[in-house]
Amino acid sequence: MSKARAESFSDGVIAVAITLLILDVHVPEASQTSSLASDLGRQWPNYAAYVVSFLTIGIIWINHHAMLRRIVGVDHAILVLNLLLLMSIVVLPFTTALMAEYLTADHGQRLAALIYGASLLVMALLFVATQRLILVGRTNLVKAELTDSQRRYILRRNAIGVIPYTAATLAALITPYLTLGITAAVALFFALPATTADHGDNETSS
Amino acid sequence: MSKARAESFSDGVIAVAITLLILDVHVPEASQTSSLASDLGRQWPNYAAYVVSFLTIGIIWINHHAMLRRIVGVDHAILVLNLLLLMSIVVLPFTTALMAEYLTADHGQRLAALIYGASLLVMALLFVATQRLILVGRTNLVKAELTDSQRRYILRRNAIGVIPYTAATLAALITPYLTLGITAAVALFFALPATTADHGDNETSS
Amino acid sequence: MSKARAESFSDGVIAVAITLLILDVHVPEASQTSSLASDLGRQWPNYAAYVVSFLTIGIIWINHHAMLRRIVGVDHAILVLNLLLLMSIVVLPFTTALMAEYLTADHGQRLAALIYGASLLVMALLFVATQRLILVGRTNLVKAELTDSQRRYILRRNAIGVIPYTAATLAALITPYLTLGITAAVALFFALPATTADHGDNETSS
Amino acid sequence: MSKARAESFSDGVIAVAITLLILDVHVPEASQTSSLASDLGRQWPNYAAYVVSFLTIGIIWINHHAMLRRIVGVDHAILVLNLLLLMSIVVLPFTTALMAEYLTADHGQRLAALIYGASLLVMALLFVATQRLILVGRTNLVKAELTDSQRRYILRRNAIGVIPYTAATLAALITPYLTLGITAAVALFFALPATTADHGDNETSS
């Protein structure tokens, strides 16, 4: 089965999901008596969450791109795992809005942050699972130029990528701001140029 | 007429429709006095419906992919039938939200589930009709490597796929939970690896 | 300039616009005292408008497909006219919702239908203008196999396609139902297989 | 790394962002006592903002298209800068709705227009930065046929494109209408055919 439509469908779903993030940044009602500046200021969790989730989904897309670039075709198992991965990405506009809404509320902050961290963790785990299936279970579909050492390097780096999202999830039990801080740090770290181009392979994060 | 843009347009429409499903999972208002946990808990029909519809649309996409992979071009009749199929897919975010909203309401549950089941059934029937048109009515557009026996096998399997959606629709007359259960079972069944790769053809369900 | 990205961008915009149509089919609130059946029944203008606009945008896409298939490249003027055409297509979810909301209201029905008809007319006119620019003004970009007689045939058929939308717009002054009826008839007419395949060219409508 | 998926993902994100603009043009409620004509008339800032932002995003897409057409591949730095550029484009439906909502309000007009102008300025600056990185920092990825003089010409024209958006942002301090006027003029100017085709290169604006 050709991988071209799997790429194009994944690109479409990820592109829509990343763009829907903006729908949860609301325009304050003009009829309110408070000043626009203060209305907009109160929404800072929405801006922060928008930036973090946008960068995170963007980096996942870059990695998804790298993952499919290494194979010559897809089979049913890859398509289904990829579908589950996409399902976890599409959930992010919801969990992002949930954390933004409750970050400065007087109840539910920790639960909202826990769910946000967990949604990123599930996405990272599904990415690792898909990567693993491809590199370990479907070696016949992997391009020949990939050495065993490169393969192990990619899998190890992906597995390491799960750690910060586990930390971000657990951090919600202390304070939701720590969850936001860790996920922001992960997004910035993987966006830095220095983290790539080693091993001649362009993957960036899990 | 080239099939490339028909694939790319279908991918786009299906990708948007599958992603819009998340718009009906709402963030509870932070100003409410109830706990976030109970607010989120009450929304379980939305999560269940999101998962079932996401997987169902995803599997339809995989099958759509397989259907178009078998032909070398498209004509006006295929494009119009494909458009009707896409129209039935785009309706799903609405019928999914309808069933989720009414599953635990004190009226309208059966009607909402009936409409949900019927919307899946219509989609399945339009898929069968498009498949039939291609494999029976447009043999000149079908790739030569497809044998008559493979052709009959695909059509038979597609036709069988209509049965569970008929059952799910009728089940709404008993209880909406049965509709949800049957559609969930169908989605899980077709996501299983064992259901494919027979006959050397990658189609998965209707 | 390559036409591939112009096609892919147009496909994307049209795919999103056609899918957004469903956002204006609302789920009735479960807390209402009226029955779900009557609540859904009252929304029939939304279903009718959804079907008509979905088919209309779908047919415009098929024709857009055919229009770009005839050329080997695009220039700035084609891209800008195409952008205006896309802008008129993206407006349709708004004018569709407007007509659906006011069709059975006690005021504003004619104005809403007039705007709906006019939005389809503007789209048809922009399609004719883009087609004209390509076939008359950019003959160097048109594929050589297209004869002068085919060219004139396409332009004539496109120009004729403007007539029913003019009629639908004017019909709003009599009754909005006539506008809906004419636009529905146009969509059905161009979806019929008999209207194509003459002159060996696959275009369907303007 | 192939540039095909970077193009396809960017096309997807820009196509969704440009289409979401219509979501902020609302249908007036049919139950209101005021006439539909006056309700629609009051929304003129929404229509104006829709047209200006649609054309602006459309022109950015045309330029994005031209920018990527000049290179043979992408690296991590280009992908990350492109992601930031996309993030600034996806913000536009929000800032557009913000300006439209406050243009005729009795407070917050200048701040809303300032934010709208600034969001366009940030997008223009990120476009210049991405263009610069490609033409100055990644000469190995640039197609050989591009001469040094063409390269300098493109960069100079891009840099000049930042000026009107700076003016539009500062103009908000005087009156929001001036911001809208300047951004409208920029969109119309770059849509004119005369501004392109010089230097045999199809870029249109920054």
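Order of writing sets the labels: A, B, C and D. Residues in every chain begin at 1.
In the analysis below, a contact is a pair of C-beta atoms (placed from the backbone, for glycine too) under 8 Å apart; a residue touches a chain by one contact, two chains touch by 3 or more.
In this text, all values refer to a predicted model and were calculated from it rather than measured experimentally.
S.K.: So which chain is farthest from subunit C, going by the mean of the CA atoms in each chain?
M.R.: Taking each chain's C-alpha mean as its centre, the farthest from subunit C is A.
S.K.: Give me the rotation angle that lays the C-alpha atoms of subunit A onto its copy subunit B, rounded to the nearest 5 degrees.
M.R.: Answer in degrees: 90, to the nearest 5.
S.K.: In terms of residue numbering, is the interface formed by subunit A and subunit D classified as same (over half shared) or different (under half shared)?
M.R.: Different residues, largely: of all residue numbers at this interface, under half are found in both copies.
S.K.: Between subunit A and subunit D, what is the gap in Å from one C-alpha centre to the other?
M.R.: Distance between chain centres, rounded to whole Å: 26 Å.
S.K.: Distance between subunit B and subunit D based on Cα centroids, please, to the nearest Å.
M.R.: Computed from C-alpha means, the inter-chain centre distance equals 37 Å.
S.K.: Which subunit C residues sit where two or more other chains touch them?
M.R.: 8, 12, 15-16, 20, 23
S.K.: Which of the residues in subunit B come into contact with subunit C in the complex?
M.R.: 1-2, 5-6, 8-9, 12-13, 15-17, 20, 23-24, 75-77, 79-80, 83, 86-87, 90-91, 93-94, 97-98, 101-102, 105, 107-108, 111-112, 115
S.K.: In the complex of these two chains, what residues of subunit C are touching subunit B?
M.R.: Residues 7-8, 11-12, 14-16, 18-23, 25, 27, 29-30, 35-37, 40, 51, 54-55, 58-59, 61-62, 65-66, 69, 191, 193, 196-197, 202, 204 of subunit C touch subunit B in their complex.
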